[in-house]
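For reference, the structure is listed below as structure tokens.
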């Protein structure tokens, strides 16, 4: 009986999770690279440079209120909250991984937005007259969007990777995103204001593929840490609610000024409301004694926002939004109950946060809804000018019909899927290299690995008082 | 001694709190009804439809910045946060009812906003030319407002009702609200930008009447669960602060463009600041050793916002706002100390969150302040055009004087009271039917009844580690 | 061995921390004073009074969208969140001082904004025609800014002072702030949109000087309460993230309409992103096993926002912002590791939250960066009109050159330092008087002193159930 134990020791020898040199090195070098590249490429655009005074006069703009800042900044701030508090806190549900959830989310988002400004800038905002990228508030929103896809991917591997791996995941994720987005939005000229395809489908399949590549056979050795505790579930609700409340801003942030933003906000508001009811209904229906499960409430209530992402600025109609939300609440919750265990067991995809149910399926549905809504667009419904403005049937795309647009939307969906799955497999390969300091199978979902965790003493005041006489340890 | 125990068993036999069929049925059926009614009635208004381009040209509107979306969307998002995070987290203070507080708040608000869009739409936004309700951002805000009244009512019965009862409470609450609001704002032409009367007075008395109808004689059997724990009090402060901070947006969200919104925000900001000081002062003054009580800080600091709701857009003057806040901080905190115990003991009104102190009394004060301020309005103070614009002395109401307006404001107050009390008694009767799955007297304030609650293991890392070798349970 | 204990008893006799009369007295009297002073001095300005309709016509303003409310209100609300949730929750990290952190922050901010409206009003917004202060949304923002400096100071003395002392600290802090701000912004005509000098440098040195004056030799007797627990660290991250996310609004809130606000937001966004990476890198590099320390993540990630405060609206350039953030992340984290212990041991400055690392050093850096950026300004970069508008080279200051402006910026820095240190020493003397009810050395960082703290029972449901049969205590 000594031998097997010995062998087991060999196999399960503690991994080296000390990232003391690797993490700082990655942060310093990459941040320095950002500074250099920003120095070469990034400048203010005409609305954020001091030449705005003259620009205004030259273009006969009567008021500072016409500066894009005032059309988009409130939505930008809402999106910003979704990225850092929304995604960050949504992942705090694990009993002992809240530091990692909020902290690593913070780290990779802060890196990602910089890299996204560059990558998206090269593809979308490059001024060919001087070779510079000109940025304004819309670029900041797009950078946040871009990062969202990587944070979604983080959800699949939460607790099982090192911060260095997350940085690598983000570097490649942003890069792939920018290319995929360029193909979908520019080349195919598909519309995707809320990013059902570009952000959610891509991000989710990217993360799931990585998780598949990083499959851990003995993950049940960490099962003691895989659940939630009472207060961690309440913390996660902070994330859920900020995502839910600000999702109308997410889907409308880069829509057209005026009716575009207005309609996108209304549609998202309605889809989300509808999702809550069906998610709760399914959660209760499939549980013993009809008790609700916080996992469903925290996640599936958001599915409607994902699924109206593409069509939010179209004439989806208020009841259409409700129907989309209705279906997604059901599908997403059922996914948590049936699909996630199936995928873990049979497909070897371990999806910590269930992003397949929250982002992948609703994202694909959103792409399909978008394609159908676009294909069904008619001039009586949109008005002739409205049709052109909503779908951007201008310049090159002057002669495109709504039916054709529907086809291109569907094509965009496929591109997002391919980039997600293909990119995820490649990046997953890279992340399997034994150099990144990831935790052992029996030590996943544990903040102790990468964080100084405070010792939790009994917190009742009496105990604190007695303790103080016995061990006067320093902070 | 066997017999009494036997008898007691009979009386206290566990209630059937399994809502497995009832909750999903209500959610599915009502949500389906919403979809059908939305399909028949709800359309985009001229500012959120693609015809906006043409509308703009026809009405000589020079800029998209004139779209109501940009005047109201930032305030809308603040109000949205108040509804879902503000009210939700304010009620998490109980040691074991945080899931129910945040989760059921989420559920009924998500249902309520849909039903409110319909009910308010029929009364206020019906386009008689085609029989459709045309919605824009202002309707979303009003739907949130309407829901607020039901969430206030929830505060009175927190922990003592089932989610099915809450859905019923909301269905009727929204319906009554829409009628009451129609009478007060349209027929009486009273002004109530921040809803002191329409939202707070109505909602609070509605909830208190229901709580009175649902009086539980043996509620002290749940007293073990009725207090807070340290961290639940901190969670509740999240709710308090988001309500407090965004209240200026609440009171200004549907005020007139320009000076109306501007002034309403300033007045609310000041009233709330003043309330904090007097609430803290009374809390300290009436407690042994001058120790502050979190219940007062969490609730009474908000009373000023309620009480300037009606008058926020009037010329209340900055010092007037401070005075209103000053008084309400005192009254509300005294209410918690003296009135709530009295009401529970002698009036048989069990008010979990003390909404009588936070919404009912300040709401009534707000109505009175509004009536007085309106009656005292003069042309030198408002300017002739300002007077007309502020009070809407146009069309039918062209010849109304400020003094008359004061009278109508007072009449509005009475309508709100009647609807609240009357409606609450009727709905309370309905909720007493033994079919809703409410908890037993000794099991109130307990998330275990309707939620899958995670087992809280000792959370210190050592214990977690040892545990993992003893019971490897699945998530 | 009896004697020393006896002597010790004499020295350490419990201080009287009962603030039952003192706190209410201060609150009531000061709030009453506010009402009187507001009655005499404060009125609505032309954009928040009902005369706006006529003002608009007289000044040929075409739209309500030109009302300053719509340019600044979204930023104001973000700043408001930073003040109450940001600062409040950032300080909840201590295991048993979360009530004091959030609650006293709430109290002094609510008082401070009122006093600030008066003090700043007398210096900046006094209408000499009628002797009244005319307020609008910009005044509300400035009041929040003013309060921020006192909340920063609170960070240094967190857990070691009574609420009465905090009120005194705020009263004098606001007063000093208003004078210092007047000298820097009006007399020297320095620019400081985000308040690196005016808010952060002043506030931090004010607090540090007070903490130095209130040095507690035996503070280690409270060391049992000085650390964090797991969930208190998560609560603190709520504060961190809301500060981090909304800092672009902070630095742009009172910048010039149009490009000024736009550019300030972009620069701040970038500086903060950069800071996160270097703060994490240093935290990992200087810790055993490369484990990250939550103290650094909670605080040092914000340093970049402080340090671009002054230069945010200048042509700092995107890469310039990244560089500033890069350096401050390093310096601030190093400060926590080396400087704070040094200051406590050798300089006798006990700085609970490490405001020297988060506000003082980055604030000074921000002042220097601002001076250099201003001195380096040229017409080709800003455009001739842009240069005038950005630096306000108008009227009296028409002939000032950028180089001179740089000098005045540096002079402003010195004024902020002098007011902070000088004011702090004087106020510290006042706060040393033995009349304020501060806690004893062995009872610091303890909510029990000033708050009714709920008894934390074992919270597992089984225990709760059993408990209920043994002691049925009232709420």
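Chains here go by letter, A, B and C, matching the order in which they are written, and residues are numbered from 1 within each.
As a working rule, a residue touches a chain if its C-beta (ideal position, glycine included) is under 8 Å from a C-beta of that chain, and two chains touch if they have at least 3 such contacts.
Because the structure is a prediction, the values reported are computed rather than measured.
Residue numbers at the chain B-chain C interface: does the shared fraction exceed half, giving same, or fall under half, giving different?
Counting shared over all numbers used gives less than one half: different.
Which rotation angle, from 0 to 180°, best lines up the CA atoms of chain A with chain C, given as a multiple of 5?
120
Counting in whole Å, what is the centre-to-centre distance of chain B and chain C, each centre being its mean C-alpha position?
32
Where in chain B do residues touch two or more of the other chains?
Only 62-63, 65, 70, 74, 96, 230-231, 238, 453, 455-456, 459 qualify.
What residues of chain A sit close enough to touch chain B in their complex?
Contacts found on chain A: 62-63, 65-66, 70-71, 74-75, 78, 95-96, 220-231, 233-234, 237-238, 241-242, 244-246, 248-249, 257-259, 261-263, 265-266, 269-270, 272-278, 280-282, 284-285, 287, 289-294, 297, 301, 315, 317-319, 322-323, 326, 381-383, 385-387, 389-390, 442, 446, 448, 453, 455-456, 459.
Touching chain C in the complex: which residues of chain A?
Listed in rising order, the residues are 17-24, 27-28, 30-32, 34-36, 38-39, 42-44, 47-54, 56, 62-65, 67-70, 73-74, 77, 80-81, 84-85, 88-89, 92, 96, 98-99, 102-103, 106-107, 110-111, 113-114, 135-137, 140, 163, 230-231, 235, 238, 450-457, 459-461, 464-465, 467-468, 472-475.
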